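Have a look at these structures, which come just after this line.
You will see two complexes here that share chain A, one where it goes with chain B and one where it goes with chain C.
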Partner chain A sequence: MRRAFLYLLLLSVSGLLHGGQKSVVLIARADSKVSDLDSLTVRKLFMGWPVLVNGGPLHAIRNRSDEQLDEVFLQQVVAMSQSAYERQILTGLNRQGSIRPEDVTSQERVLQELLTDPNAVSFAWLRDVAHNPKIRVIRVLWSE
Partner chain B sequence: MERVINSLRGRLLAVVLLINAALAPLLYLGLSRIVEEGYADLFVNSVRSYSRMVADQLEAVPSQDFAARSQDVLDDFAVSGLVVFAQIEDGTKRVRSAVSQLPAPGRGEDFHFHEHSDQAYYISHSVKRDDHEVVLRLGFDETPTLEQIAAAKRRVLAAVLAFALVSTVLAIALSRVIARPVVRLREAAKRIARGEVSTELLQHSSIAEMRELSHHLEHMRRELVGTSERLQSEIREREASEGKRLELERRLQHRERIATIGTLAGGMAHEFNNIMTPILLYSQLALNGTAQNGALASDLKRIVAAAHRARSLVNRILTFSREMDSQEARVFTLAPTVAEALALVRAIMPANIEIVVDPLEDTPPVSGDPGQLHQVVVNLCLNAYHAMRVAGGRLTLRLGAAEHAGKGGARERYAMLQVADTGHGMEPAVMQHIFDPFFTTREVGEGTGLGLSVVHGIVTSMGGSIQVESAPGRGARFTVLLPVATALEPAATDVA
Partner chain C sequence: MRTAYTLLLLALVTAPLARGDPLQAEFLLLPSAQAAGTFDREAPVTQVQDELLQADMLLTLQKGRFKFFAEYLVSDHESDLERLQLGWQLTNDTIIWVGRYHQPSSVWNHDHHHGQYLQTSVTRPDIDEWEDLGGILPQHFTGMLIESGHPAFGSWRLRTAIAGGIAPQLQADGLEPFDLLHPNFDRHTMGYQARASLHPSDFSESGFGLLVADDQLPWAGEPQTPAQVGLDHVDLRLIGAFGTYAGEKWNLQATLYHADARLHYTTSLVNDDFDVWYLQAERRLPHKLTAFGRWEDSFGTGDSQYLKLFTEFARIRYTAGLRWDFVSRQALTLQFENTHTLNGSFDAVRLQWSAAFF
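And then the complex of A and B:
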């Protein structure tokens, strides 16, 4: 009886730990040729700078389906405030002819875009894509 | 207080104060929010960029030096002052800057400015090493930014209060500018209401609407004043006309009454005359056939004398009723006849009555019996004598010419005889009856009450009129107007 109680306690603690950890990951289609991107490249990609992989430009999709996810993106990926990021994007568009990352406000739309474009790259909560065989996690951007 | 609140200035001021009371807090809150968000955005942007730069620099540190240099790198960043906590976590191993001012946080990282009450903003970054990743944790002090926000809020509050104050002062000034012509209009309207209708309502104002309003009101005032004056003039004319109408009506009624009395008296006098004729005839015959010294003769003489007095009375009544035709109708002027009558009057006037005769100007000729006019003058003078015989006074006679509206309304010329006294005068009620036969205010036996009736009858028979003006204690004035004789009337020899 005492053993069973300890076992149950251990199970619940591990479950809490596992369920309490939140991670934001960089994702692409399962058959995408994107293998890995360092943090500087990811930042360049989402700042609208052209990033080529195997001669093809990557297509950045900004996942705005969740407010906290967006804040993690701003803090960890581009390291800017919202207004500064918008300003930088507009400056890049007007002066350097950079490409504005596509803003998508629905998780389903993000996945749909990724599935239709092999060069598309986005980010999402790990829990939302971990069990999706059509989506591949490229790297962890942030975890808590 | 209620009057002040309900006044135009009070309302304008109240509106501005209410707007200020409603808008000033909103303005302050809105501006404070903008300031807060601006500073917060600036802070978040700075710390995110700074922490990213630190993470990038740490990634650039060669692996063989990392363990030895990580402490120094963290210290370098920490001494800059902005970073108050710096730590690298490599598995279970933790390297913390020696100059960290805060202990290790017991919570995760922040994503919003001032998210927690510890006034620190924590950021974690994964720093890639050769075969694994280490976690860089940085804490930034929010206090300077919070102080800047507080200072900015104070400035905003001061600006909003200054705005409210200035707008209130401007509202007071504006309300005065707007209300001043209205107040002046009100005062002018009050003066007009008190009867000073000449007060102008025109106001000089820089506000076009107010200027136009005062123009319209002034125009309206002038129209109303003109209408009022016209109405008052019409009322005066109508009152005068009504007075004249009443006077004419009174005269007509009086004339009709006199005519009725005259007709009645005339008829009676005529019958009485018929009765008197045989009495006088036969009593005279009887007297002639009787011894003159006897008692019978004496009685008959008394009968004859009484019959003569009765006939005289009858003749006067007939004169009043105009049934006795004039025996000597002719054209003559008044002055000689009046002078003759005046000589008779002077003889009987006591010393306490002064006779004043205005120069007897020659009057236009009239048509009638001079003897009857003689009687008119005597009767009027005797009437004046009776009014002044106790207290004395002044009898004034005047002759002249006058113009007066005739029967058809056209102006006609008249010869005028005026007899005035300074006696006791008459009450209006007495004046209404003075031409009635047998009406008298004297003691019984002092008069028959036929004197003025006879005068009225003679003047009326000559086509003229007689007017009397009198008031108690102010004497009386009789004015006789006789129509001027025309050339077609029989021109007899004038009595010079």
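And then the complex of A and C:
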């Protein structure tokens, strides 16, 4: 009885820890050629700058399915306000004809886009993609 | 049209090299409307138009490392293909363009191009004015442009741009760039430009740098003023320095150009040189307001033989104004100017609405 109670307690603590920890991860298709991207390159990618991997440009998908995820993106990935980010994107379009990251507002569509484009890279909550064998986590962008 | 077809053909021939990559497209619309009036006018003519409605349209198509980029400006005064470039992304930091481009030795035009919304003031410094609005320096070339960036001195960044292409012609009413849509292959010469600047980080707009240009401008028109009679071509050389500070509240930009012009007449050669500089300061204020002021000045312009070809050039101009970004991607700007040209002076007031849609 005592052992069973101890097991239950351990399980609850572990569940709380697992459920309480939030991480945002950079993701790509499981067979993507992207092995690793440092934080500076990730920032460039999501600001519309060219990032070539194996000779091909990566395509950034901005996951806007969740308000808190969007906040993490602005604070931790591009490190600027929404208005400053828009200004940077506009400047890139005007100066070099940059392609801005695609805005996608549903998690399902983000995954669909990733699965159809081998050069696409996006980000998501770890809990939403951790058990998806078709998606590969490239790195942790932020965790709480 | 032949050059446009060549660019299109190049795009078609090289597209298979980007097989497997999806075609990506981007469209940006930068409309603006402006009303202006002059007063205390002593100059016989000015570059000020009473009203101006325009739409600047930018289209990008990208497939793999190939990029097609076009900018078309339509207004109630003109419509023109401003940029038409086919690009190859050589590395993360280097892109090679062929086509019609804005020459890189104009810092202002590189930063803002034709988009009114993206510049705080309504007008640009007169030294960087477009050819069809009385500009004295050639801005649109057709040839090759290479833009690059490199790490330098630790975390600093060296940005470079070099270009060479067909230069605009000198005509009775000013400079006339090579027209891709209606090309005229008579009397064209080349021009070369370069710009290099150092920035404290990859993403910083602050920085300083140097620029050079060596352009040959052929005369191709019927002379209408004494300065134009017998002119064959002008060798125009520029060197300059510039600096930008982009802070949270303040934005400062300064540029100095030294121009050396050799005017080749059929029976003589005239050597000429002059200096032009400007300083613009912008201060962000509460309620999405930005105050700005610009001081443009020059040395040696009063007796410049080259500038006799462009008598509306503003040798001194003081500009001040206020911009209000009243909603996302839309702004209203009120601007006052005091201008001294080679033929007189005038004051002007302008009100502009500008926006960006994508």
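The definition used in the following text is that the second predicted complex is superposed on the first by the 144 of 144 C-alpha atoms of A that agree within 3 Å, B and C clash if a C-alpha of one lies under 4 Å from a C-alpha of the other, contacts with A are read in each partner's own complex, and residues count from 1 in each chain.
What we mean here is this: contacts are C-beta pairs under 8 Å (C-beta built on N, C-alpha and C of every residue); 3 or more make two chains touch, one makes a residue touch a chain.
The structure presented is a predicted model; accordingly, all values stated were derived computationally and were not measured.
Visitor: Determine, for the superposed arrangement built on chain A, whether chain B and chain C clash or fit.
Guide: fit
Visitor: By the touch definition at the top of the document, which applies to A:99: first (chain B), second (chain C), both, or neither?
Guide: The answer is second: A:99 touches chain C but not chain B.
Visitor: Between chain B and chain C, whom does A:144 touch in the aligned arrangement: first, second, both, or neither?
Guide: After superposition on chain A, A:144 lies in contact with chain B alone.
Visitor: After lining up the shared chain so the two structures overlap, which partner does A:39 touch, if you call chain B first and chain C second: first, second, both or neither?
Guide: In the superposed model, A:39 contacts chain B only, not chain C.
Visitor: Looking at the overlay, does A:59 come into contact with chain B only (first), chain C only (second), both, or neither?
Guide: second
Visitor: Touching A:117 in the superposition: chain B (first), chain C (second), both, neither?
Guide: It touches chain C, and chain B stays clear.
Visitor: Which chain makes contact with more of the residues of chain A, chain B or else chain C?
Guide: Of chain B and chain C, C contacts more residues of chain A.
Visitor: Who does A:83 touch here: chain B (first), chain C (second), both, or neither?
Guide: both
Visitor: Considering the aligned complexes, could you tell me the closest Cα pair distance between chain B and chain C in angstrom?
Guide: Chain B and chain C, overlaid via chain A, are at closest 5 Å apart by C-alpha.
Visitor: Would you tell me the residues on chain A in contact with chain B in one complex that are also in contact with chain C in the other?
Guide: Of chain A, residues 40, 83 contact chain B in one complex and chain C in the other.
Visitor: Using the touch definition up top, name the residues of chain B that touch chain A in the complex.
Guide: Touching chain A: residues 41-42, 44-45, 48-49, 51-52, 55-56, 108-109, 111-112, 123-126, 128 of chain B.
Visitor: Which of the residues in chain A end up touching chain C in this complex?
Guide: 40, 43-44, 47, 49-52, 55-57, 59, 83, 86, 88, 90-91, 93-100, 117-119
Visitor: Applying the document's contact rule, which stretches of chain A touch chain B when the two form their complex?
Guide: Residues 38-40, 68, 71-72, 74-76, 79-84, 140, 142-144.
Visitor: In the complex of these two chains, what residues of chain C are touching chain A?
Guide: The contact residues of chain C facing chain A are 20-22, 24-26, 28, 30, 58, 60, 62, 64-65, 67, 69, 85, 87, 89, 91-92, 95, 110-113, 115, 117-118, 147, 202-203, 328-329, 356, 358.
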